[in-house]
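Note that subunit A is present in both complexes that follow, paired respectively with subunit B and with subunit C.
Moving on, here comes the complex of A and B:
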């Protein structure tokens, strides 16, 4: 079951393209305005997006997860499966840590095991299948998995490789710089928690030194502050350009808007299991959401292009399934449901609700792009076809466990599909809830479709890409042709930047200094 | 004096204890921190392990007792989010907040006192009227709006001052201060003015009202009759007598500058305690919330005590022992 030679050749090619022109290196620093604040520099403490994006500057992983969620070589130059539960990774030779020490298999073993054993369990979901890590020789590592795990490469791409000397270091040692030495494109200079991180270029970076002589990551969660810093020329590129600032940036001669699609999928989840749902009052006393016709009518009633265009001010892209075209598991067989209020009303009548019903829909506020506003718009559109809808938004701290528990009838959900394929959202959001198997954690609607569970189990243990791909597509088809979830949109990545820099946004929304290029 | 101090300390301890109970119950009602902290890809077993790690699998009363036990050793527990001791996190941010608060207070005093005195002594003049109307604006304009306007005018349009952030720091007494460097000062100006605006107006109005109350008093007339210089009358007889309410307000406002400068800290991305506590509340980081609130209770108790001491200096008729 070895990986095909063709595949490896493709990766090797990718690796060479990634090397930038060496001659371009100059004494130009770069300042990035981040919209979120990392909690620590310790790369194994907590696997949140701000922490992982920050640690990516200092440390490398075995596998480089590209902006489109593909696995490319990084500290590992090639890999293969010896048998379904043993993976062999060849390590890159001649790589040095920022302190001058050599990188070898000991560091890999220390890092993978540290991520697995950390009491905070931040990386548990990525290390759960790792049974053991051993070194065959100083530059070959064998990873043993408990079960065949097709997502192992993706999981391993999340785990940064630290020096084995730091494997027992506490969080503090990373924040004060003592252990903030990686093999990455930038080395640690100073860190002021909650304020900024300054980095120096690593001139010996294996993929070639960065264009930027130094990088400052400034943590500016306040929209106004971030925008002001860009407008006053203090910062080269900012994340999550606030919608109110777009006109200002557009009209400026020196600034530009960089827009790209992310892999964050936004949907409406609904109670499809209970016979009487807590926030639905229908004339017949039943739960109309169990009827696929009602769900289809609801989706037809939502003018999604208008929501993306107006409410989200083009900060989103229409979605019909978990992943967009080009990602593993996108299927052309998913039926697209367009906006048609008249047909929606007719379908609702056909399902036995000519006068509609009453409904309260719930969502978080300030967690996702324009979440409360989108929900308001959806509520009004439901009301237009006769479903009298009330909208309730809550702070994320209160909403997050309530929706997962299944407290609501219709709720606003979102999933960042960072693995770039469909088993990852299916396991958490659609699969039948099962504590033992660890499935359906966020299945707040009580979806239970045995066929999906079966396909999912098969896809989760199939290593051969050719066999796996149709299964991944099947998951999309079964989820969205049954409308277990109502797909809304993918969030966009919107950055504001000086015209002197160029950047291709990533699906995971990270802003990585190494990938920021000078424009010319 | 000593008994009064001890009594006050006992009161403070009781308030702090009550605070921990309230916060413990409050935070546990809002939601489960684990749901916010955990990687969404984690499955149920991994979730259970994290819950056990934070001790959240225990009943609330047991968690509380464990917390009190740690407290006796001076340990507030590790932050759920930052994985470090909560108290250390707060103390790390304290200098930034402290220097912002002190600068703002100094600005408020430097402008508020003389302007208030002037407006009180010469209420009829047009300049006094302008000062008073200005103070109404200072009162009523929302801090966040003023902050954004300051940034727009002085940073974005004129480009004189940096938009936000804290400048480079220098160590003094082992603590990093930014007002010791030129860049640091430049970063400090806008947030400090923004924070000081409301306080300036407050002090100004208090002083003006005080002056107008004191001026018609017999002892002022007597001092004038005695032929004392006007400057001495104002400095000794007027100012000293109107200071009691002003000192009270300054003390309490200083406390609120430290504890609640969240808005200014957010707009100016100032890495102080206000930002830390807001983040912690959003993430339900209980150890940090509890440690922060306890520190604030302590701060207000200490400030109140200092205010009382100032009273006795300003007005010998007030005895500390007799009060309380």
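Moving on, here comes the complex of A and C:
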């Protein structure tokens, strides 16, 4: 007992400097350097990645969205569909909030409705299909949806369950800790907005207590500061290790690079709708991008392994479709187009452009990993097969609206497939643009493929997994065998960490303390 | 009589010029700056013939040659004396071509701003009254905005591109000239020769440009020289922020910015050499400008 107090005092004195000899002890705290800063602790205010990753430490959801975007039981132990618009969730019994109160259906109802009714509407895209939530008994909840919604489980997994006592609490009550009580693996200790959040271990966590006695999340959006904190041993694990820090980390004996694939898919979008495209000058005055052979030749001309290797510096993984193997909707029937500049030139000639054409390609600068450099490399490769290419990169604020509107001929696009299946990217970037239905909002190439729209509509209302999976795969096949988009790569999640910890990166890039394990 | 007068005036003018040149080169520092500047301009002019590679031609670049250290050899046998950037662009060629962009932007914007600013300043001083008030409040407004902010705003409106940078810099810089010229012109306006010209009922534009202007020109030349250096620096800043030249046709600022993220990794050459080139250019121009100010300013000559 005395010893434990002494140890705590020692930790307080030493701050967060870890002593290797104590690394295996039970009283080890963990410090995570986050690359983004949450706006608030209120888990229903704003659905951005830093907020959701932070709230995940204190609160649980009914469904646990795993690192590979699968749905696993959490506060709900099982679920089923009663009919296409009614879902029944069985709740876990015996779970307690950090303040000792019991968890039951009231908390679920309060949380789901609070997320839906919040004036900020931060979670609208997840709550919009929820028509009502009712309790059948204290541990059974029925969720009614407006239309059959196959993504309901994914949506529900994003809504944290707070105590019903806090359903009317304002944002401040979460930030000052009054309502920062959840059922999660860690409980609130202190919060300094924009700087750090400290948490204590919840020894009664239903899935077993965490290895770490406490967790400090430090918000360090500046690349240099984050890297410096890792190098100086202040922090155990940092998000988004800057590319220029990789060599430093590699050469250090105590540090390691943790590399995993994210669900962020990077592609080139093409103007496939206009007869004359604004940034293309072809000898015949037409828009060559409408010809699938031209698009194919362009993809063949891009040496994607070289881009991943040399430009991305292994911060990416080659992609052929929206999602990697293991995710819903990945199809083996998508043709893999390899690099072959000679064949690309021949195919371009066959399409009627033996002398190529002139083209300006556009992209953002500094928004995605090495975006401007990838685009320049692509420009080089297009030029090699006779497509005289100019590269324009713009700051994200100027680029984001323009590309979505369809201002460009060939543009750099990217989509984080957080739902882990293919309807989510298809709705946004491939489906025919339709303001009323909310489809094709980021379809900057004016793609309109009635077959894709039809399959998409079907997939979006099919609940049975076995029927849905072939539809999801069909979306991949139709998008990428027609080359409506030219796939480039998936961004990798790159973390820097001490060798004393082990972590498997998640597709959504969250760094969750509960999933960080001591090494060996 | 008049012929005689003309020749004496011409002779004294020639004498003044000769004296000016002698004075200028009396300072070895200024002479060094001047020679350096001439060399830099020569290199920039001759870039297409002397640089090992055309860094703007994507055909000649190969990302497989990216980030090579100074002195490395490419597969085609080309030696990269100052290394390559991440796109496989030869840094030496990049600097030579980048100097062209930087100098064009600097000279064009400084002198265009000088012409516009001087004209406006002269008009303000000569016309006086409401014209002057309006113009000078506009100048105050302009000078109260930070130049870089002004240029950023202009580029957000105009879009990217070298010519747009020039326009943005002109708009951001004319006010300095207007203010200076007005100050001097206000003094000159009261002098007898202007009064005499007025008495002769010479047209306003003639008094302005034939009589007033030549006597206000010395400080304008000095400011313009300094502004060339400033404009080059500003262009580099704008390019560094991603708003200047096109990424495939990098200026010095763009090269520095693309190498900046590699500095911590030890790939120093991508930023370092263009940075040195920029530094030498700006210092050389400033040395020349400083000396010009000393030579052309009658008060500092006594």
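Everything that follows uses one rule, which is that the second predicted complex is superposed on the first by the 495 of 520 C-alpha atoms of A that agree within 3 Å, B and C clash if a C-alpha of one lies under 4 Å from a C-alpha of the other, contacts with A are read in each partner's own complex, and residues count from 1 in each chain.
In this section, contacts are C-beta pairs under 8 Å (C-beta built on N, C-alpha and C of every residue); 3 or more make two chains touch, one makes a residue touch a chain.
All figures in this text were calculated on a predicted structure; none of them were measured in a lab.
When the two complexes are overlaid on subunit A, subunit B and subunit C sit side by side with no clash.
In the superposition on chain A, contact of A:398 is made with both subunit B and subunit C. By the touch criterion defined above, A:406 lies against neither subunit B nor subunit C after alignment on the C-alpha atoms of chain A. In the superposed pair of complexes, A:231 makes contact with subunit B only, with no contact to subunit C. In the overlay built on the shared chain, the residue A:420 is in contact with neither subunit B nor subunit C. Number of subunit A residues touched is higher for B, counting subunit B against subunit C. Looking at the shared chain after the overlay, A:310 reaches subunit C, while subunit B stays out of its contact range.
When both complexes are overlaid on chain A, the residue A:380 reaches subunit C alone and has no touch with subunit B. By the touch criterion defined above, A:439 reaches subunit B but does not reach subunit C. Once the two complexes are overlaid on the shared chain, A:119 sits against subunit B while remaining clear of subunit C.
Distance between subunit B and subunit C in the overlay is 7 Å (nearest C-alpha pair, rounded to whole angstrom).
Residue overlap on subunit A between its contacts with subunit B in one complex and with subunit C in the other: 224, 395, 398. Subunit A meets subunit B in the complex at residues 37, 39-40, 42, 45-48, 119-126, 128, 171-172, 175, 192-196, 218-222, 224-225, 228-229, 231-234, 395-402, 404, 415-416, 424, 428, 435-439, 441-442. Partner subunit C is touched in their complex by these residues of subunit A: 224, 227, 242-248, 306-307, 310-311, 365-366, 372-373, 375-377, 379-380, 383-384, 389-395, 398. Subunit C meets subunit A in the complex at residues 58-59, 61-64, 66, 86-88, 156, 160, 241-243, 246-248, 258, 261-266.
Interface residues of subunit B facing subunit A in the complex, by the touch rule stated above, are 30-32, 35-37, 39-47, 49-50, 53, 81-84, 89, 92-93, 148, 151-152, 155-156, 159, 162-166, 266-269, 271, 275-276, 279, 281-284.
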